[in-house]
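You will see chain A twice below: alongside chain B first, and alongside chain C after that.
The block that comes next holds the complex of A and B.
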């Protein structure tokens, strides 16, 4: 992990649009400044309409900042001026609904779509498809039809389709939102593996606070700008702020926070039942002895 | 219901599955043309022979292929009945009631129409059951490639076709969901006259259209994110290649249909002083 080398930089970014309904001008992203470093696992959280999805789309040049609205630099390329395809090749994006991001009716054909677009040689396409399939452990789905698979399986195929482009960064725009708990778990585990083993930088956009705990760093977004940055533990020290930004606190973290407020010295930001139980037991036995 | 299989690929391994998609496409076109050439019952046997061969070598159960006929049963019955009673023949009608008159010619025309419909649908479904949509699209692209010299965007059209095929099951699912949602709100699709029933489908069609536009929008984004348009020279993972089995299948099918068409036009050939039609009238039985 190279902490000194930002690979994606947002520099006072504004992104606005005119609403068709009341002809007013709105900012979805309002003065956002932050960096993403190589090899990180970053979670971006925010409630619905906080602008987190727009931030994701700004990262791979699907959207670009408004005029005079700052700049987004990805691997040294300004997304407004540079070659958008070079950006998209390096920053892959996985969307919310896998059904709407697949083009082919056979899994392997769909995974091959990206490399085919790049105009690669056939042997290279085949090796990339093989590689993506084995990374995600979906060898058994290779010749299946996507629409008969589960949500988690479909989302894995969508991720494989992006991995076949060999990106350095994987941006997941609420890609777990439509999944059941099992599917969500599978996808998150896949992401952790890709981050640790393949050194792919992960940017996970989500509104599930449980998923934040797997990240190295968390960006809390509200009203289009980044309000809090830090490790999950740091973030959960500010439970009041999180609630103010419309986020829900995981049950256990909330409990920790309440215990601390009432004077019990437990570690904040550990979503671990056993650890918390041991700590509470230790504190109580201390009190009992004295 | 999700398995409404008209046009859905059935993934097993067989001789027909392994044929090049272009061969299968050409054979299917030849098959369909031949169906329209056949005009006597004996000549239909050639079509039947070709069909039986195709089914046998595709290892797909006959029942499954017959199942693809379901959506056109009503059409088939109406066509047959109309042909029965609307064809005027020479001589006495076999049956007469009110304004309906049934001639032997009517029966011939009706039965032949029915056979044609059955053969056409079955032939087409063998193609789609044994060929992946991607391969089929590639074959169509290959077939229409000459048009690209006239600036017809053949590649894009082929991609559009494959996306359309891919989204059929998604849209069927969506339509069923909307129907359930509208029923839950008291919509009634089962009673009333034809016009009332047709009107009842408007609350299904509009949400379906709206959601299709949304899907199209999302899909366009996803395709952008996967570098669609990066280079004008898109490559293909699966390349179609003609093999010896394609030649074999092509020759067999061409022989069958070739002899069928030849027979049809040889009715006037004179053998030993008699025409073929006089010598073997059974070949042309039912033709007009």
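The block that comes next holds the complex of A and C.
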């Protein structure tokens, strides 16, 4: 992560879905300010209705800030004034329900759909599709019908379709919500690989506090703005705030902090099963020896 | 006995080239009062199984009886069945349809042919039971509610029919962490008051560990296990081999055992904490 290079910047952004004259009007995004840096893995958490999906849509210019509602800058482009097409090419978005985005009757055509729409040469399309398929390890699904695949498989195909567009940033909006544990693990492993090997910046919106641990930084969203920013450890040490914002802490961290409060010397905010087991064992066996 | 299943088999698109065996010889007896969590990889047959319970899927072969209603006979009593079993589907909020919360919740009881006064009383109690204030919510449009509120309304619609058995397909999917806890606490409360028997499909092993009295494991259409969670989670290798995970606290307890401290089978944070503290104090 390169702190000098913000690639997405929100500056005092406001956004409302209805018009300001509407009686029920409110800002779904309310004075949001934050940066996303090149090459980082960012997790975004927040309770239902806090504004996560709206923020995601502002990132790739599907939505733009209200008039006088601040600015979103993506790779130097102001999404209100600049080329939205360029923004969408660089920031790829995977939505929650992949079923709605499957268009073709076989997997490889589905993945080729985006690049074809970019008007690329045939050879380039083929090479991008091949590349996306091998990155996700879905060679075996190439000629299958997307609709008849399991949820985890569909999700990988949706990601492959976006990857074939060669975005610099991949935004995933609750893309693991419907998967079984194995499917979830596979998708997360894929994201880590894309981040580390392909240097793709990842923005992962999730309700699973356990998934947050894979991120370099976490953004906590509440009432339309980013309330907390930090490493997963920083965030989890802020239990009171998390609970105030409608979130929970992972179970292991809950155990850590209870043990600490009872005077056991264990490290806090680690959420590491092995480390905590070693530390607890050490505390208990010390007692045996003395 | 709440539910008796014997040799239940089901094939989608039977006798076509696309035939898929979704259930293979499922045999199980579920006692009244159990909180059963149904787990298994994607496509393992969980939804197909639970849709048999309220007659949504017709029996192909095998035997099935739900709270004394036999589903093997030529003309099963579906009316009686639907009064006994309450079904909450995945993302039930998409099925809300009426102009007001009241009308939505009243739909089921009305269909049961209850008198207006009885319908009204049931709707009132169901809405309050799911933690919504009747005065505030009854006349609202369900479409103006948040995701968690909509899900509560959907559950209220089912418990207004006062089922003895409540069946839920992934009731916490897509909810924020506190929303998940609220819905799970609500289900525990319903279990104590309205429907003593609960079946819940769930992918989150931490939630399974904290709530289930029995876990039903599906793998490739077979029901491979039906046992208490602490017994199931001893079979770590088996669970991993079929694509399932262990609860965080169980993993921790087994690592701790490898490091020479045995705190037994643990399912929840509280259990692990209590046992560690007990050892800690004893050593002193």
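Throughout what follows, the second predicted complex is superposed on the first by the 278 of 290 C-alpha atoms of A that agree within 3 Å, B and C clash if a C-alpha of one lies under 4 Å from a C-alpha of the other, contacts with A are read in each partner's own complex, and residues count from 1 in each chain.
By definition in this document, a contact is a pair of C-beta atoms (placed from the backbone, for glycine too) under 8 Å apart; a residue touches a chain by one contact, two chains touch by 3 or more.
None of these values were measured; they are calculated from a predicted model.
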| item | value |
| --- | --- |
| Touching partner for A:141 - first (chain B), second (chain C), both, neither | neither |
| Partner chain(s) touched by A:157 [first = chain B, second = chain C, both, neither] | neither |
| Contacts of A:277 with chain B and chain C, given as first, second, both or neither | second |
| Contacts of A:74 with chain B and chain C, given as first, second, both or neither | neither |
| Chain B versus chain C as contact partner of A:239, first or second or both or neither | neither |
| Chain A residues touching chain C - in the complex, by the definition given at the top | 46-50, 96, 150-152, 174, 177-183, 185, 207, 209-210, 243, 246-248, 250-252, 254-255, 258-259, 262, 264, 273-274, 276-278, 280-281, 283-285, 287-288 |
| Partner chain B, residues of chain A touching it in the complex | 57, 60, 62, 85, 88-89, 92-93, 95, 97, 99-106, 108-109, 112-122, 125-126, 129, 143-145, 147-148, 161-162, 165 |
| Parts of chain B lying in touch with chain A, wherever the complex brings them together | 2, 8-9, 11, 132-134, 159, 162-163, 165-166, 169-170, 173, 215, 218-219, 221-231, 233-239 |
| Of all residues in chain C, those that touch chain A in their complex | 40-43, 146-148, 170, 173-181, 203, 205-206, 243-245, 248-249, 251-252, 255-256, 258-261, 269, 272-273, 276-277, 279-280, 283-284 |
